[in-house]
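Chain nomenclature is as follows: A, B, C and D, assigned in order of appearance, with residue numbering initiated at 1 for each chain independently.
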Amino acid sequence: MSKVIRTDIPLLIIFFSGIVLIASYFFPITQLSLAEKELSRWGIILNAWAMGLGATSLYRWHVGEIIKKTPGRWMYSVWLIIVMSVFIVVGFVWTPSHRVFVWLGDAFYLPIEAAMNALLAFFILTASHRALRARGWEAAILLLAACILTMTNAPIGEAIWGGIPVIGKWILDIPNTAASRGMIICVAVGTIALSIRTLLGYERTQVGVQ
Amino acid sequence: MGRPVHFTTGMGFLVHAEGPQTVAGMAVLGHLARLTARMKAKLIITIMNPETIPMTEAVVEAAYKAEGKEEDYKPTEMILFLSSSQQAYVSGAIGVMHREKIAANIMIGPFFAETLQLIEAAAYIGAIQVGGTARTMNLAFMAAACDYTLLGEEIFAAGAYISQDPVLLGSLVGQDLFKYLAVILVVLGSILVNLGSPILRSLLRT
Amino acid sequence: MNFKRLDRRYLHLLLIAVTVFPLLKPMGLPISIGVHSRTLYDYIQHLPPGSVVLNVFDWGPAQIPDAGVGAMAITQHLLSLPVKIVAFSQEVSAVMMYEYTMSRIKIPPDKKYGTDFVYFGFIAGLETALAAIAKDVHATFVKDYYGTPVEQIPMMDKIRTVKDFALVVETTNTGTHVDGFLRQWKSPYGTPIAINIGAVMVPTYLPYYPGQVLAVIAGARGGSEYELLIKQPGPGVASLDAVSTSHLLVIIFIAIGNIQYFIEKRKRREER
Amino acid sequence: MADASLVWLSAIFTIMVLSFLYKENPFYRFAEYTVIGAATGYWTVMAAKNIVDAGITPLVAGSYVLLIPAIFSVLMFSRYTKRYAWLSRYSVALMVGIGIGLSVRTYIHAQFTEQIVATMLPVVGVPWYTAINNLISIIIVVSTVLFFIFTREPKGGFKVITQIGRIGMMFFFGATFGTTVTTRMIYLIGRLQFLLFEWLKLSG
């Protein structure tokens, strides 16, 4: 009994929800497309509730930090909980499109996220210095393509030599596109195969069965 | 106890067209968690997408149970949801890597712009890195910097290889058949197009 | 100098220096026009008068210097022609980018909100919503961004289904948005889709050209080309000098890394 | 759009984050914890809006079938109890099922057949350079696909083919690396433009 409710039912849920969505794509039956619409809506709802799970986890973790008085970190946890709570209270009391909430987002969320994105520029500089080395001839091709494309995207590349953007465009259009297509085809095969294995219950790790 | 192992599925979508990549990552995590349970090594999983929290917990718990090490399974210390904002997650994950001085960094799933930063941070600490994603555009960084990289489709086969389950291995043959089919279609279609007949093209388009 | 032990902080400082300098003192390196920008420009230029273009704002503040450049230039171009613009967003954070764009471009005096262009704000549901819009525009675009019901917007009277749109311009840095339009609009109805995306997404979407997409406008570079095409050089063109210098720095450091690598390799061989 | 307080706050946070380049410091950590709290709060509110719009409003209006996802969602939280933790498998299963359904639908068409069709290229009756390029494209696509064959050892002629696939992929990796450099630099330039021109009001 315990196996049925703990393992078999979850596997059946995977099977039916997946099959309905796939079948509705191939067979234009009204009932199926209605079921598909319904399931997509459920997906949005589940996803939204998961966010609540995330918020609770984060809240639990940081309250723990504060209780333990983790040196050097707990005061930041206090601040984090304040910021999070202000957002949630404002968003719940007014609406997310209310100007106070929008202002909060503009002031405390977006600039930091954008600045952290800018840090990536420094990361890629050190990464290209460290990782792009002609260790063998294959790595040399990678290196060469990376350099040419870097210069293609910058006007100075063209100023140095008119051929750079021509070669860069060729790399992008021919070998890059072709290899990308080959990989996309294989990824599609792999995705579909894994999906079928999961639907049929062969891959069951994700429901917690070893 | 030595230095810990860090695992992440990156963006970790589940209710999404890229969901199967997360499932593929979980298959690897299941195996990894059994190994860390057996060897009493510390395992840390950082999460960006809250959708994967219950799944990750179920997978790791089952693995520790299977190894008879239930008492070592501590979800609040092992499974850390950091943030659903990409950059905030990354800076949190880098913080975890630095504090815990991780020995290995394993990243399998749908990866986006976080790839480069995570790899750079782990390289700075000197961790062994295994990367794999079917999001081809972030594969370049893994290929250039990881010790082992699973390229695209290979992540979907990883679980089957590790499990050595005959049915799963058998399905890899099926995967190969479809790839041969793709090759045949490309070659045949190109020949037909050159002979002036786009029949295969229009047939596949419908 | 031993670059291996070189503190990475100097590297960081150097990068800031080479980017700030050309921003303050532009050098004005020449920019050539690529085929994608040219294709989209010509296509828009030759749209029959009265055509409707769906201009999708799916970019956030991080994209202002990247895909945003193209979004502003293309919107400016559309406004200068006798076509109608319907705009909306699939991302919450993109809503403010509409206002950002409209407050920075020149709206010709004869163009009026509601008769020539309209914005429907954030529409939830991603791909599901796109499929719904294709079938019935009014059912999904119930009210515009300012709360006016769609029936009271004069230009929307004749815009009912996907068939009424002559072109989609999607500006984003997220593949999901593009895929949604390709699957729900391009595949079933054949609506031309032009994508204007951050440079990082370009290799991923080039395979879809020319079959599935009309053009791929590549981030700041593509946007700057478009600025030049409409003869209004703006922030994109201004940033390209800094792009040049920072890219040159990357190349120099790759070269240094490799020289170091070969010197070390030779040393190791000699020691043996 | 931007009032002075926003510009100042943005500038201060930007500098706090960039201070990480010198070393990890309390200012950076303050900004980091701020964005984690803000992002989680922001997305929780958005999620709540989605729950209300997609789940509760139609439910109240009589769409009782929405009780099902509501129950599955609540089951997710069973992980906080030790005894009923297994119940969350049900919600995981539903999410996996929907994800797989969405995925198979999209991959079969847009990723599998469309890419195959796009590779059926003409080699005769086109200018010679197009012919060569098309031929190269077909060869690389085919050899990349064959590179991923699991059941055949790369030996002899087959090894040569997979080698070609590898070369193609190296071009792809290089190209992505190169374009990524551009995007990352542009982000930085964007922030610097903001600091220089909108905050300090210098002129370029």
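Quick notes on this one:
Operating definition for what follows: a contact is a pair of C-beta atoms (placed from the backbone, for glycine too) under 8 Å apart; a residue touches a chain by one contact, two chains touch by 3 or more.
Since we're looking at a predicted model, the values are computed, not measured.
Looking at C-D alongside B-D, one finds more C-beta pairs in contact between the chains of B-D.
Taking the mean of all protein C-alpha atoms as the reference point, the chain centroid lying nearest to it belongs to D.
When chain centres are set by their Cα atoms, the one at the greatest distance from subunit A is C. The centroid of the Cα atoms in subunit C and the matching centroid in subunit D are 17 Å apart. If you average the Cα atoms of subunit A and of subunit B, the two centres end up 12 Å apart.
Here the CA centre of subunit B is 30 Å from the CA centre of subunit C. Across the assembly, subunit D contributes 21, 32, 35-36, 39-40, 42-43, 46, 50, 54, 76, 79, 86, 89, 91-92, 95-96, 98-100, 102-103, 105-107, 112, 115-119, 138, 141-142, 145, 148, 169, 172-177, 179-182, 184-185, 187-188, 190, 192 as residues in contact with two or more other chains. Each of the following residues of subunit A touches two or more other chains: 40-41, 43-44, 46-47, 50-55, 58, 96, 105-106, 109-110, 112-114, 116-117, 119-124, 126, 128, 130, 132, 142-143, 146-147, 150, 153-154, 172-173, 176-177, 180-181, 183-187, 189, 191-192, 195, 198, 206-208. Residues of subunit C in contact with at least two other chains: 12, 15, 62, 92, 96, 124, 179, 199-200, 202-204, 207, 218, 221, 243, 246-247, 250.
If you check the complex, the residues on subunit A that touch subunit B are 43-44, 46-47, 50-55, 57-58, 60-61, 64, 109, 112-113, 116-117, 119-120, 123-124, 126-127, 130-132, 142, 180, 183-187, 189-198, 202-203, 205-210. By the touch criterion given at the top, residues 24, 32, 35-36, 39-40, 42-43, 76, 79, 85-86, 88-89, 91-92, 95-96, 98-100, 102-103, 105-107, 112-113, 116-117, 119-125, 138, 141-142, 145-146, 148-152, 169, 172-174, 176-177, 180 of subunit D touch subunit B in their complex. Residues of subunit C touching subunit B in their complex: 176, 179, 200-201, 203-204. Remark: subunit B residues 15, 20-21, 23-24, 26-27, 29-30, 34, 49-51, 53-55, 58-59, 61-63, 65-66, 76, 80-88, 90-91, 113, 116-117, 119-120, 123, 134, 136, 140-141, 143-145, 151-157, 159-160, 165, 167-168, 171-172, 174-175, 178-179, 182 touch subunit A in the complex. On subunit D, the positions that touch subunit C within their shared complex are 1, 21-23, 46, 50, 53-54, 106, 109-110, 114-115, 117-118, 172, 175-176, 179-190, 192-193, 196, 202, 204.
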